[in-house]
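What follows is a set of structures to go through.
Next, two complexes with chain A in common: one pairs it with chain B, the other with chain C.
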Partner chain A sequence: MRATVTKFLLVPVLMLFLTVSRADDAVVLVTGSEGPLSDISSLDTRKAYLGIAVPVGDNTLRPFRRGKDERLNLIFLQSVIAMSRRSYERRLLSMMLKFGTPRPVEVDSHEELVERLSKNRYGIAYMWKADADADARVKIIRVLWQER
Partner chain B sequence: MARALNRISSRMVLAVMLIHAVLLPLLAYGMLAVVRNVQEEIFIDHVRIYSRVFADLLQSTGDLADEKRIVEALDNAILGGRCVHAAFKQGDRRLLSSLMDADEGEKFSEDFSFGEHGDNVYYLSVPLLAGNSMAVLEFGFDEEPTLLEMDSARSTILSIVLIYLLVSIVLVVFLSTVLSRPLQRLRQDSHKIASGDYTRKMSVDSNIVEINELTKDLEHMRSTLVGINERLEGEIASREEAEAERRKAEIHLRHMHRLQSIGTLAGGVAHEFNNVLLPLLLYTDLALEDLPPYSPVRPNLERVMKLANRAKGLSEQILTFGRPAGEDMHLVEDMAPVLDEAVSMVRALIPANIDMQIAIKRSVGPVLCNPNEVQQLVVNLCSNAYRSLLQGGGGIRISLRACTVTEEFAAEHPRLKAGDYVCLTVADDGEGMDAETMERMFDPFFSTREVGQGTGLGLSVVHGIVTKHNGEIVVSSEVGVGTTVDVFFPQSDVGSEEGAEND
Partner chain C sequence: MTHIRRAQSADWQLSVRLCALLLLIVLASHQVARAESQHDVLAFLSIEGFDMFSASDPELEGFDGRATADFLYTYNSDRFRVLAEYIWSDTESELERMQAAWVVDEKTTLWFGRFHTISNYWTTEYHHGQYMQTSISRPGLEEWEDESGPMPSHITGAWLEHEFSLREQSALNVGLSAGIAPKFEGQHLQPFDVLNPTSGHDLAVSTRFVYRPDVFSNNQVGMTISHNDIAVVSASSPELSDLSSITQTTVGLFTNWSWRDWRFASNFVYFDVDLAYTSGEVDDQFFLGYVQAEYAATDDWTVFARTEFGDGEDGSTYLRLLPAVIAHRQMLGVRWDFADSHGLTLEIADTSRQGDDFEHDHFKELRFQWSAVFP
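The block that comes next holds the complex of A and B.
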């Protein structure tokens, strides 16, 4: 019920958002500028965000995400995870119960996200390409989604 | 209308309909939302994973520079089912499925939720690596089947809700009928009781405890009220009966006082009259003794003598009426011989064509009486009976029997007491008496006969004799049918006590 109401409220907001979004919007996978990560496949990215441990050398990928940017998350769910929101949540929960892996850390602001990435060398996150370009503390690993 | 609406069944149906009117739309809306959400989620999950797997397979199974292979893959995507749009884009290179029109390729507008853009197609793009650069697979999936499923689910839900509503109403009507039927029966019972049918018991069989308890309470109240009512009615009836008896006794007492007053007056007059008559008779008798046998005066004096004797007889009758009790009374063990003598006198007086039926029982019990007065009583009663037969004929019945006076009978006749009596009855089939005549029949000198035909002292003397004997005279008469006179003489205890002593 709440999801329906939320969706009814969300659809006009999204439509408004889409009309004002730029044609060259893109979502990119980033890591800390000082981090060792340079290339991560789309499969590993999916695994990491689905709660599966992805080893990189002796370490493991540490996924972060921003919870507040609704459009960004929708693109993430559709283009990266390829699941609905509920399915994704259920999947995370089942993985956590099955393997005890922590779910991706969710932060509220871009600043906090970048802060986390700076502190975690194997941390990854997704964000708007424009935000990544504007912030020297992160580096782009790959493009996840490109506006047509 | 308002009365119909105020019935329990109407109220219950209205309440249920009101509740359903509020809750059912919410329920239906909630169910539809759940169905829609589930359908949307299933759809989005399917198309996203399908697209992702498709992209991964395309990326991992061959060279993405091979355009023919890519177009074949895109064609397979569309042939696979609900996919209506399949395109590959890498930089300026754009490949469309051969099963699509060129125009359809331009319609791509990425959706992130079901039904977005209202074009019934869910468009999404899937990035993949083509060599060192990024490529995008564009898919469009038909939302129409899912929308149809949602419509079908909506119809099913609405049908279920409607059926639920109808079944609820039917059940409520049934339940309200079950509930209200015993109440209606209670109402009918109470209405009948209120209309005066106090004997109607309130008994309603119901499974509902409250109604059963209410019925018991009402029945208890009814039975209590009926008991009170019956007691009150009984008291009213007994008071009315007592009042009637009191009035009757008062009338009888007044009558007795009147007769007593008249008797006293008449007795006084007769006594004075006797004081005059006795010297008249004495001196007339002396004069007759002194007259020669053929004296012309003798017939006149003899007429004087005769009339004086007649006057003496009258005064004696008057004295009999007014004479106090206790004079010349003695115990008669058997009244039958006394009655036999009286009957023989009556037979001599009454013409032979008058039918006389005599039923005198022997040894009916000892009576303290004056036999001469009893005989006079019989003669007077028979004389009256005979007089009443002169017009239409008929017979006279004389009987003597022992009888027992009950409490009830004694209550109707104040001078009688419950106990053993000797009952003398003289009945005739004569002309009978009306109420007015019966009211005055014991008054001295009251007579229905023509002047000169009677003295009007017959029944007065009878009454006087009965009163002296502590008895009672009960007269029943009907005009044209006849008259029956019952004379009750109390049986004497003296006789029985003496008998007991002798034993």
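The block that comes next holds the complex of A and C.
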């Protein structure tokens, strides 16, 4: 009985601890540190990730996605794209099926993502602010989401 | 036999040349813009079973099944795009689309090749991606040519698409296409075969206007206009023996609108068909349409219904040439989406098929399907 009560008490305490530990979390939009991009609006970010071409001079924004980080992707879809994961994937599939529009390339690791951004001067990606701060090969364009 | 071998050899050579040309184009553009190029492949898979019941005609009854794999390949570089779609099933194996585009700017694309005609709303929305459409069946109005569809589905030619940006993220898309139309052979339209370019086809011209109040959503209303000169293979059927050509003009209004958990899709098409018989011309006018409503009961479950109807279609001389065309259908269905990209669907329908002469074939349909997309 006592063990059960302890478990019930531990769960909310643990959740509170996790919430507090992530109070400084933020998701940022980044590009390669050598790239020419300096300011991309939230609207253009949303367009680029929805398969709508966003011109920058004579070039087009090239969005990259980060796979294997469920929380990061969930935050990005909710706060920037404003769609459920299924609706978003269907939208990208539909654009590809109808017009051959390329889907944002999805990469599995931070290292691969940074490599892609280094090679694509007009490439953009989203990542945790802590990861961006720790890597000199990327620069932050804007904060997309901040834990309150 | 020698003639057949020669023809097969010529087809094979032409096929090899077309593939080599495509490969060269892709490789050349890949070299020009190596850093920006991107290849994508999708596979739409489905397995479907359908049963037909008829109290009036036992010959219509029967169970059948179909397994289908639809492969989509796209290549993109800065100003160049390739799209190819190949469908394989136990009843057909066909290169559905093979098109290349010059991306003039971010708002304008000029396509060349074989593509699905822009005047068919459903076709240009879902193509052969069975997983993408909520229902299993397509409306009879939007059926493929070899399924007795009344309008051309495949055009070989050029297609210009431009988007005009309007206020507050709304847009007007304008499309214009011109190319080689299908011909009428046997009991259905037969699209132009790029491997047999001397097969005798005429011209098809289409235009489409689509207004989207918000480019971030799929809501849209649109209008299509098409004019198709359809050559007739008179020797292919006794019904066509004294018919030399068909001129078809269509005007359609379509919409796709979502509101909260509801989605509505509809298309209404007016047909003006001139049939040139040796004894004189027949002017045939009729109207076909459908409305499909969908309700997302939960994130995974969708209930849907569709009604298909017409006016003047029962006495249409043109539709009499298409005995398998679906003239009326009242359909109900339910779909379960699971595991990210899989769907299970069940559909029941009360259906009327055109049939021979002016007598419709009446039957009930039961369909079930698994569909998915990979990766």
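The working rule: the second predicted complex is superposed on the first by the 127 of 148 C-alpha atoms of A that agree within 3 Å, B and C clash if a C-alpha of one lies under 4 Å from a C-alpha of the other, contacts with A are read in each partner's own complex, and residues count from 1 in each chain.
As a convention for this text, a residue touches a chain if its C-beta (ideal position, glycine included) is under 8 Å from a C-beta of that chain, and two chains touch if they have at least 3 such contacts.
Everything numeric here is computed off the predicted structure, so don't read it as measured data.
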item	value
Touched partner set for A:78, first chain B, second chain C, both or neither	first
Partner chain in contact with A:42 - chain B first, chain C second, else both or neither	first
First, second, both or neither for A:50, with chain B first and chain C second	second
Partner chain in contact with A:148 - chain B first, chain C second, else both or neither	first
Chain A residues contacted in one complex by chain B, in the other by chain C	43, 46, 82, 84, 86
Touching residues on chain A, where the partner in the complex is chain C	43, 46-47, 50, 52-55, 59-60, 62, 82, 84-86, 89-91, 93-94, 96-103, 105, 119-120
Complex interface listing, chain A residues touching chain B	1, 3-4, 7, 10-11, 14-15, 41-43, 46, 71, 74-75, 77-79, 81-84, 86-87, 142-146, 148
Contact footprint of chain A on chain C as seen in their complex	35-36, 38, 40, 42, 72, 74, 76, 78, 81-83, 99, 101, 105-107, 109, 124-127, 129, 132, 161, 169, 215-216, 218, 299, 337, 340-341, 373
Interface residues, chain B side, partner chain A - complex	30, 33-34, 36-37, 40-41, 44-45, 48-49, 51-53, 56, 89, 108, 110, 112-113, 116, 124-129, 134, 136, 138
